[in-house]
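Next come two complexes built around chain A: one with chain B, the other with chain C.
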Partner chain A sequence: MQTKKSAKWAIIMIMVMLVSLVAGCSNKPTSTNTPDVIKLGFLGAKTGSVANYGLPAEKGMKMAIEELNAKGGILGKNLVGIYEDNKGESADIANIATKYITVDKVVAMVGDPCTGLTKVAAEIAQKNQVVIFSGGATGTGVVEIGDYVFRNTLLDSMAVPSVVDWMINTKGWKKIAIITSLNNGYSTALTPVFKDAIQKKGGTIALEDSINDKDTDFTAQVTKLKNAQADVLVFTGYYQEAALIMNEAKKQNLNISMIGGDGLYGQDLAKLGGTAVEEKVIFYCGFSTDKPTPETAKFIDAYKAKFGENPDMFSAQYYDAVMILAKAMTDAKSADPKLFRAELAKLKDYPGVSGSTTFGANREPIKSPVCLLTVKNGAFSLVDKISVK
Partner chain B sequence: MFLQQLLNGITLGSTYALIALGYTMVYGIVQLINFAHGEIYMFGAAVGLFLVTVAGFSLVPALLGAMTFCMLLGVLVEKIAYRPLRGKSSRLSALISAIGVSIFLSTFMLLIAGPNTRRYPEVVNPTTYHIGSLQLSSMQIIILLVAALLMIGLNLMIQKTRLGMAMRATSEDLEAAYLMGIDVDRIISLTFAIGSALAGAGGVMVGIYYNAVFPYMGTMVGLKAFSAAVLGGIGSVPGAMLGGITLGILEIMGVAYISSSFKDAIAFGILIIVLLIRPQGLLGKKISKKV
Partner chain C sequence: MDAFITQQIDAYYLRIIIIIGINIILALGLNLTTGVTGQLSMGHAGFMSLGAYTAAILSLHTTLPFVVVLIAGAMAAALFGIIIGIPSLRLEGDYLAIVTIGFAEIVRVFFLNFELGGKAVGLAGIPQQTTFSIVFLIMMVVIFLNITLLNSHTGKALYSIRENEIAAQACGVNTTQLKILCFAMGAFLGGLGGGLYASYMYYISPGEFGFMKSIEILNMVVLGGMGSIPGTILGVIILTIAPEFLRVVADYRLLFYGAMLVILMIFRPNGLMGDIRWYDIKKRLPKKEVKKCQS
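Take a look at the complex of A and B:
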């Protein structure tokens, strides 16, 4: 009796699966032939531990698309953005990138904010000859994946030497402790850049330690840090762990500043860190709402009117990415990635809302200046602007 | 620095111990590894956070509220997911059911609260006490005190009360206890209730101490507490306490003197070595097979 029943169930299950497969197939052809619009796929996390990068990025991208469509679109066609949530997971971004390319037939993907995830999507984009344009990947080994891969962000390799110079010569922080998050590709790539710059600028490394993303216990590391008596801590990971490390430092009465990259640029830094991060955590990035250029001021006002909050670096860089893609398509008079990617590579001195952008010979962006931000009264505020040497 | 790290380890370890107790008590009585236990701990942290932020409770009422909630949740899980299977199907089915409950509870929390990490507001005045070069934060003292009180209370209950005696009898031989007139179902419910309340207390304190509450916080901690229970000798209540504190110290010392990258590898490596030498765990009793 028991076996008969389960056999029946198995048959029902198989039938359900078959039906859904057939349904899946029949859906496909309808979505392929829509030549009257140009589709762009958004890459970013809307939930999960890196959602703080993806959410403002999505807003920036939406705003750029709306503005372009209000002016009549590109080449007489309307732009359509598709916004899936990759949760900051490699498996999800791979699925989403494949879906954008094969089902939605996008001409370009904008994103991801994270280096590691961008690389996953870039491999897929390159193979399928679709442009991918990251508005946040700062690490190494991104554009090397292929000639369809672009990014518009301040590179760590360009920003870090200026930042270390500022630490040692402006602040007088010479004994430097450095903490890496080992299961974070961004962090493991950024640490050597910092170490190299510290050595070249004459600083000393007082302590090298590591954590893992999603850890919550940092008591041992902070006790070690306290004993190392460093002038400053460089943390190369993301905002969540940064906030928790600073909380622990406060608990152990350790008064130290933390320097990091734009991985620390998330609203949760202030929310999770509270008073422990106030004017203590300083990070560099390519965008600040303080002392804006005219283009940036216009963008900030429009963004505020639309979303009721200040834009951040990711909203500005995604906005610029969409605008730069539109410019390349207009110049190439085509929305075919094979044609407009060549125009894209020629970009020079583009006056974006996130600073000026030029693509070098290897398609790497050259951006200036570097903004140093900290948390003040729960909001990000500019500490200093330093030019990239 | 060594003493400071030792203290850090004991604090972390006592939270593991609180959770390990739930695993060991349940295993001792029904030979079930309750994989949903880590999620009960997560619910403890979340309910505590809710009580503090939304209802405006202070630490002690929030702690008691979260413990009560977890107690009910633990009993409910036992009633719905384990009791119907008991005696009728293999132990493996109950284990799968436990994994199912674990996934259900964490995704349920994901659904209602979202995936973001939240922090507790400052419920405890963050003062630091100095004893020589040693530093003790107020929260560390609270964790150590609450954990010690709960564990002493649990031991007294098991050793001195009639209910405790019934629990010990049930854990020794469930059928014989039943024949002696012990309401076995009630004792099992009670075991789940106590274990879950302890996990809830652990959840609230860890939430406050590390300032991070999120739906998947129970998964890794659950695994570690389970390992701590095995290390101490699963089924043994003092063993769970010893195992939890040992694992906490091992982990912190691993980070302090060897490398953070091998934190878990060191802790679990030692666990494997101990189990190779003493398969029954540090304080476990050697069980001769009944033939």
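Take a look at the complex of A and C:
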């Protein structure tokens, strides 16, 4: 008798929960669905393994929308951002992108930081003729999806040749070792770009090795690296493994610099690596808080005042993406994606907080300059700014 | 038919409905292995990824019709289902679960290093051929075949293996053959669902078919009720819709999701419909009265 009663209660409780959720869900869209606002959808992860890219990105986007609204919005309408968490999973981003387009009726989506996820959302955006503007997808095959797909980020294929040129001609590092993280999509895509550039610029590849993300013991790789007598190590993975590799190199008394992409741009690099990464790990990215331009300095101060921390590349690129969308809508005098995307494609030398942006003929962004960063006294500091040819 | 439906139903809801359909196919596969026959399999995502990758690669590199591609994916998964079914003859319970987890990991790592599958980057640009009508049709066929199977002699034999394997053997049930069969059928449906998923999502990567995906599908089966077809369908619907509705509570949605699972399992340990089955509904009532007399 007792179990029967509690079972009944459980069913009632669950019913109430579900009904209240359904009710809450159906009420929400109608309350915000006023025609005199322009809606933008945020794509990015707020939980999960890639949340460290999505969280600052969200802050950058929120700040841009607040600033625009403080100035009176676009075309006399206020901007509204909608922020859903896609957990870094492709099934979720597909659901969210569809929801943004059909339920919330956004005119544009900003995101995602990851290339693979951006492709999923871009396919949906293209089909429904809504603009998608990624602030972080660096890999290949994104804008090829269609003419509603844009991105504002430093492309690996543009940055890497300049970086390799800097390595070989400025630093004189000709014998290069490469380590790839096999279970990391970003890393497996970046390695061929580096190899291609090294061959073209006349360097030699002394060693090719691989690790896996979440590995902790790199003794074997570092020993091999020591025997290969390379001038420099290129590591294409993320910052956790980079810090651990450098720790191991220090333990084995190997004095070598590490070059990498913006995957190394994580605040924990200095914490995990300690003195082993100081002025040893150098990576390229499109944004630096050092030696800022006036626009960037203004952005950094405002961001610090609002969130109490330094902005990173993703917050800057999302901020710029919203600002560029706003500019395109103002120029086109319309918030209709079919009309303002033409203005967007014409963008030239836009002075954003993450450097200047021009869209080429194929809608690929050309951003300059490339910042080379390293760790100094536990904080990121600028090594060099090189321009992209 | 699809054109009509896209006009009538909002794309967001249609998307959830299609995902529910695909999940029902996946979960009914696992229900055959784990729910009906009682062979705990925690590697269903492995079968799913085999089907997904086979279908994706075939549709990217050949011009075969979609149905052929789907069946090829399902057959590839079924083949591995048989291979995994063989050790299940010697193992049961936790030990079998470990073997299946290991299998799913092997498949995942294989695709991480598989050149044709795009390695860790994944495969993008898979032609989107999965439509509502295809998913609906396949789902109905799968449900119908499942009901027919479970009501047949073979289906009852499968249940008997779960209840008591030795007794089943003593009654003349060929447990060896049936256990391999249930693994093959479960894997076939897993591969079929994977193929539909790949073609619907446009992009797949090895990371999606990790351990958590297996657990997610297992959750659906356990929540709905092991071995019950209506239960499994209900479990799929609840667990697919809940995360979407829970978007209202934004940051706390995973907390609510977990709490819902805990509450359900405390009050309905056999799953929502696990102990409600048509074939024994009549026998259950007198049994309970007998128990009362004894106490």
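Here is the rule we go by: the second predicted complex is superposed on the first by the 347 of 389 C-alpha atoms of A that agree within 3 Å, B and C clash if a C-alpha of one lies under 4 Å from a C-alpha of the other, contacts with A are read in each partner's own complex, and residues count from 1 in each chain.
Throughout what follows, a contact is a pair of C-beta atoms (placed from the backbone, for glycine too) under 8 Å apart; a residue touches a chain by one contact, two chains touch by 3 or more.
What you are looking at is a predicted structure, and each value in this text was computed from that prediction instead of being measured.
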item	value
Partner chain in contact with A:S354 - chain B first, chain C second, else both or neither	neither
First, second, both or neither for A:T289, with chain B first and chain C second	neither
First, second, both or neither for A:T236, with chain B first and chain C second	neither
Of chain C and chain B, partner touching more chain A residues	C
Touched partner set for A:G139, first chain B, second chain C, both or neither	second
Partner chain in contact with A:D217 - chain B first, chain C second, else both or neither	first
First (chain B), second (chain C), both or neither touched by A:T47	both
Contacts of A:T102 with chain B and chain C, given as first, second, both or neither	second
Which of chain B and chain C A:L182 touches, first, second, both or neither	both
Which of chain B and chain C A:S162 touches, first, second, both or neither	neither
Chain B and chain C footprints on chain A, overlapping residues	47, 182
Touching residues (chain side chain B, partner chain A) in the complex	1, 4-5, 8-9, 11-12, 114-117, 119, 122, 126, 128, 135, 137, 139, 206, 210-212, 217, 220, 251-253, 255-256, 259-261, 263
Residue ranges of chain C in contact with chain A within the complex	10-12, 15-16, 19, 109, 112-113, 119-122, 124-125, 128, 201-208, 238, 242, 244-251, 253-254, 260, 263-264, 266-268
Residues of chain A defined as touching chain B within the complex	47-49, 51, 87, 182, 209-212, 214, 216-217, 219-221, 223-224, 227, 240, 243-244, 247, 250-253, 268, 271-272, 274
Contact footprint of chain C on chain A as seen in their complex	6-7, 9-11, 13-14, 17-18, 21-22, 24-25, 28, 46-47, 84-85, 89-91, 94-95, 98-99, 101-103, 115-116, 119-120, 123, 128, 139, 141, 181-185, 187-189
